[in-house]
Amino acid sequence: MADAESPPAEATSRVERRRAFHVYPEPSWCEFLTTSRLVDCVEAIGVDELYVGRDVIAPEHRLGVPDADVRERWRERAAEHGARPDVLDATTGGTTGLVAVLEKGPGPVVGLRVDIDALPVEEATGDDHDPAREGFRSQNDGVMHACGHDAHMTIGLGVLAELASSEFSGTFKLFFQPAEEVLGGGRPMVESGHADDLDAFFALHVGFGHPTGTVVSGVEKPLAIRQTRATFTGDSAHAGSAPQAGRNAMQAMATAIQNVYGVSRHADALTRVNVGRAEAGTASNVVAERATIDLEARAGTNDVLAYLTDRVDRVLETAAEMHDCDLATTTIGEAPRVDSDDALADVVGAVARGHADVEAVRPSAALGASEDATYFMRRVRQTGGRATYVVVGTDHPGGHHTPTFDIDEASLDVGVDVLSEAIRRTLAGDANC
Amino acid sequence: MADAESPPAEATSRVERRRAFHVYPEPSWCEFLTTSRLVDCVEAIGVDELYVGRDVIAPEHRLGVPDADVRERWRERAAEHGARPDVLDATTGGTTGLVAVLEKGPGPVVGLRVDIDALPVEEATGDDHDPAREGFRSQNDGVMHACGHDAHMTIGLGVLAELASSEFSGTFKLFFQPAEEVLGGGRPMVESGHADDLDAFFALHVGFGHPTGTVVSGVEKPLAIRQTRATFTGDSAHAGSAPQAGRNAMQAMATAIQNVYGVSRHADALTRVNVGRAEAGTASNVVAERATIDLEARAGTNDVLAYLTDRVDRVLETAAEMHDCDLATTTIGEAPRVDSDDALADVVGAVARGHADVEAVRPSAALGASEDATYFMRRVRQTGGRATYVVVGTDHPGGHHTPTFDIDEASLDVGVDVLSEAIRRTLAGDANC
Amino acid sequence: MADAESPPAEATSRVERRRAFHVYPEPSWCEFLTTSRLVDCVEAIGVDELYVGRDVIAPEHRLGVPDADVRERWRERAAEHGARPDVLDATTGGTTGLVAVLEKGPGPVVGLRVDIDALPVEEATGDDHDPAREGFRSQNDGVMHACGHDAHMTIGLGVLAELASSEFSGTFKLFFQPAEEVLGGGRPMVESGHADDLDAFFALHVGFGHPTGTVVSGVEKPLAIRQTRATFTGDSAHAGSAPQAGRNAMQAMATAIQNVYGVSRHADALTRVNVGRAEAGTASNVVAERATIDLEARAGTNDVLAYLTDRVDRVLETAAEMHDCDLATTTIGEAPRVDSDDALADVVGAVARGHADVEAVRPSAALGASEDATYFMRRVRQTGGRATYVVVGTDHPGGHHTPTFDIDEASLDVGVDVLSEAIRRTLAGDANC
Amino acid sequence: MADAESPPAEATSRVERRRAFHVYPEPSWCEFLTTSRLVDCVEAIGVDELYVGRDVIAPEHRLGVPDADVRERWRERAAEHGARPDVLDATTGGTTGLVAVLEKGPGPVVGLRVDIDALPVEEATGDDHDPAREGFRSQNDGVMHACGHDAHMTIGLGVLAELASSEFSGTFKLFFQPAEEVLGGGRPMVESGHADDLDAFFALHVGFGHPTGTVVSGVEKPLAIRQTRATFTGDSAHAGSAPQAGRNAMQAMATAIQNVYGVSRHADALTRVNVGRAEAGTASNVVAERATIDLEARAGTNDVLAYLTDRVDRVLETAAEMHDCDLATTTIGEAPRVDSDDALADVVGAVARGHADVEAVRPSAALGASEDATYFMRRVRQTGGRATYVVVGTDHPGGHHTPTFDIDEASLDVGVDVLSEAIRRTLAGDANC
């Protein structure tokens, strides 16, 4: 049975390794034990260079960083579960993540990025949920690998091992990025400079409704996104004896929520809005002094996202003003839309079509979600390189971000095979990079 | 300097005692150290009977009881600060409070009730806030005696000491009631039976906008109240890739909040509604599965409260249904309106007019707030007795339930003097009970 | 059967007269035939001075004046039904109303004000509605005397006739005020100067839940009120092909409505808010360019009304801004709170108690409604006089302003008797004016 | 200068004809003079069969029919402006529209549909608006050809004239459909049976953002749509004296509006919602008894429209229930999504590419709007035929449905040329129908 005491570096199969990650999920910027275990795994494989923590994250560009006490609690828990002191040291304050490098002579520089954080979701307990039945359900209450990053890490390590034992001339960089779920880790990892010399870049996701045996070689439409935390501050008052003395942050919040959902669709591109978290006031008999909401806007183009965030900001400001409250907003996550390059996607497609377990290859598909891998893609594009975002299909019983999400472990091998071969071909010049 | 190590039983003045209570506030149903200290104080005075915890609370009638882990945390903290094991034992699980009895022969049975719990308010830190400047600011973060219950306990103990050393024939019962702020302790204390034989009953509050030197001998209009916790449960979904799959508890909540505030006024009596606390969802990119709000309705009559709660319930139910969510509601606080009896109020008025430091006596005033002392008043009335609710004026810089609330300590003596003399006269038959 | 061809001046009984008014109701500022008929009636009684139209209305102070074409249509209809050319001339443009004066030597100047306009209510047609069954239902579709002003005019004329045939020394002024329902006629009539010399002033209303046989001698609490028309102007757009191009006045309006109803109650006095009329947009497939709402705020004190209108204005402004719309507001009705004087109310009370058909006399009662008679009361008070607002009880099956409102015609005589005698006594000095 | 006295049948150019239509716009189901003039024009050209009014409309399938008095008023106005008695007779009650048929021997049956109604938009008056400056602005206040149907009729007549003078074997049917703007005329015209034998079908629209010189040969995505009128009925009450007695239709309406706009987007297809018209209550001092809104939902697929209308209906029902109101809804417009057939669109494309004034031909484009031409397209498809929806580009200064909408009259010739040649080729078998 997988548990926190069965570290992934000792796993004898990809399935065991994935389960070892699954059982110990950590939230964004708190991936302390995860980083430590990845360092173990990478060292077991053997690489030429390894950068950890502060060396791969430009801290001032981080978004969505939780409070110090939250980070500290996860750090202590990681320490209790055997996290390496050198890794804890390098990641102090929440600079998690690592970059592993294989350098084999002159040639292209190719990158692969996998993300490593988990979600604030309480994992399902029913017997029809494999991780529960098979004993590798999350041991960290209220946190879950509900988006497949456990599989991403496993595939990433698989690709690294394959390439470590392959002959090629060039450089391979494997980016283990923290804080994707809060869209907060992509930019600071890019700003660290490690992606500045890439000629080609691959990002990876499992699932998104594509079944096991399907590969999407180049995602077309990751939604541009901005996530915001808005805090309304008014004045509390006794709700019975002096309600008029209050400046009611609860009403400002409710008005904002209703009207954010009412922001108009746009003819040029699809739009999404969501207020996903709210916390307000203290007790029923006190007019609420403070209310905080976490919300997001997404759009099919960067321009329409700008339209959408303008409207959302207007709603927040006027809702505050309507109830005489102050407003403070902060961006907690952000990612542009950047599409895949056909040339690089074609390499993946060609490899996938040749794989025995791949039944369908799609040249492109809309993602319907957002991704801060687009920061890597934009940087690579800016420096003349090519990038593609690959979806490795996997049957998943529950939707992404839900308590019953799970993957079909058969897709792990497909992911490793297709990506390592595509990277090999790219290193060999197939994408003409 | 007052601190948790300066227990009230060792205080040499009422001011010191009040400050000792002020520095260690405990929330409703968690008044473990407070109960222990009151037992010490009562024993130091000496009484004929003393009932503590489970003997004074009918647990099935409690409302607003916090989760077990919250209660346990406060119990442990109380233990660390020296709470008596016998009191911790009697109050296990949150049956806090006590009743002290002086029996001096045949005669009327007269009760006084003071409340002992504090509020979830973060106390002010500025130098213009006396408790902060003078060093007796709350040591329990986020909890504060912001409604004067520290003064109530001090006055109650003062009255007990006065009566203990007085000659009278009859019985005096002093009720230290927990959980008034959540309107959850009045009914279970009454249901314990200790109030069944009262001929006269006094309740007490400081302030409410009446300055030091004013006494209101009989409050006319405590608002009838019902406090409710409502939880909307839908389905989470990925806000970008499958928003339509969600059943959005956040939207149900916002619609409910907006419409609860819109419930119509009533021509027959004043009304109040407030949604004072909200908590919903987990993250901006997830359609919220669950949302919880604490809200209340108050009215000038019990009939208009029934009107109001009907409308509020309708709003909650249809807001849930509108967004395809389930609704669960639970009453977390409740109190009827019961007015003061003139005959008993007149005794207080006569005493107050004779007090050197009392400048103004008002026969009645509207309270504008709610109070579960009305459960005592209703019971006393049902068994043929009389009841009055007295306001002892005190200058207070900030409003009740706000971070800068404070009292004028000069009002402590006024409270003790007026109430002990009024009770003495009532025991002597002045109210014709 | 009463109809528009049975003018009130030819009625042989008060019941006939009231029915003649009932059958031909006219909206505020369109009381052309009503004014003409009242002039006929007053001339039939005989007075010393008679002022009509422009002589009794300061037009720049009018509120709630309908559009010119609406006024013109009613004027034409009045002409068709035989309105006197001289009256039509004097009331051109909507300066309706008249003041009749009896001067009988030196002495106090006493005024009585009755209102003459009707409401935009479609009268009930059922057989249980007396006016329908008895054949004097409104002949003017969508307009109805649903607040008893037909009775007020009848009582006013009865009082005038009584006083015309009485001996007294002093002056009696009878004010037939237009546009009370829109709270738009009180102030311009006062500003005309006719009320500047009053020593005593009576206003009158039937019903308000008080049954036939009850008289309230001095209303205590007419609510202060402000009525507003708010127009939101954005941009239209095709709702399917370019929704984002719209600036949606419909959303601004809905947000405003929801939040106006949510404006907080006030501890100092009762409050009321209502959005009673809305009109927005043109068709389902066009983003609404324009939305207009008529709303009102009322309060138990003038200060609390100021609080309320501040909050309402803030809601309107920010709701417009939230949806990028322009806002234009105009006050369409307004009246302060002014209470009755005990001394004058006592005169009414004494008279009423002596009347055979009066079973109950109340010294005061809250009105729960608003009234622009308070402009008269305020002016009289300012010039050293006294004022009272009298309610003459009448059984009424439907509520005021509803399609089934009706009066008990037995109350007409009570009204005439009590008011004419109270005025006689006031002229004789009983109120010490 | 064009005016209602310059009938289109006497126009000597397409520009004059279009202006003659523009100056006299009529709303949906009130196209009495328009139908009469079209009959004149068709007769002047000469056809084999002509069906008018009741012969081309199945009245029970009509949607969005205005009240009888509105229809009667337009009918009278048409009569005053010289509408033919036989046409007025055939269109009594609002069965407007006509079908003209050219039968030239055996062969394919090909149809063209143009729509003939105008919009409730007040036309712009500024000098930068050509129709205003050039003197052919709408003479019918508040109604305007703001969507180019004046151009559609002109092009349709041009095509008819071209084909009347052409050699071909087969049948050409020209459908002049009423009430497209309310999506109410397509289905009843199809249900009349005249479209049952079509082998090929063309529909036509100008503009939609495509400039003069562009032709879209086959629109891909007319949005599926449902338009609804919802009426909330509660109880009125005096807003000051008895607000609680009301059942507030205004609040039900505002809650519905806010939440209709908040209905979630869908991942499978684009969605649109709009509340475009609202009318509620009577006066500010009366709690509104009745509120009516016109709203619509559109979606990129028929399935997503079903999702959307389910959610919208749920909002309407629960908003009514929330405020204790009754709800009545009726569908006032409806159209499915049906895409164009490539084979037929290709014929149009080929023709367009050969036209000297056509600079750009797009094989397809999303419409972003809705169209009840899709009823024709669905019927044709069901009976084995082919259909395409063509956009003839035209520069238009203002957006569709706005007061400054206008067309570039140069596009009239392009429309006639391309469509008549495409129809000729289809009759000749080019589309393989």
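Note that the chains take the letters A, B, C and D in the order they are written out, and that residue 1 is the start of every chain.
Definition applied: contacts are C-beta pairs under 8 Å (C-beta built on N, C-alpha and C of every residue); 3 or more make two chains touch, one makes a residue touch a chain.
No experiment lies behind these values; they were computed from the predicted model shown.
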Touching both chain A and chain B, which chains are there? C, D
Most distant chain from chain B by Cα centroid: D
In whole angstrom, what separates the CA-based centres of chain B and chain C? 48
Between the Cα centroids of chain A and chain C the separation in whole angstrom comes to 66
Quick one: which residues in chain B touch 2 or more of the other chains? 241-243, 251, 255, 258-259, 261-262, 264-265, 267, 272, 287, 368
Per the touch rule above, chain A residues touching chain C in the complex are 241-246, 248, 251, 255, 258-259, 262, 264-268, 287, 307, 314-315, 318-319, 321-324
As the complex stands, chain A meets chain B at residues 119-121, 181-182, 208-209, 223, 225, 227-228, 236-243, 245, 250-251, 253-255, 257-258, 261, 272, 274-288, 291, 294-296, 298, 332-333, 367-370, 399-403
If we count contacts the way the header does, which residues on chain D are in touch with chain A in the complex? 258-259, 261-262, 264-265, 267, 270-272, 368
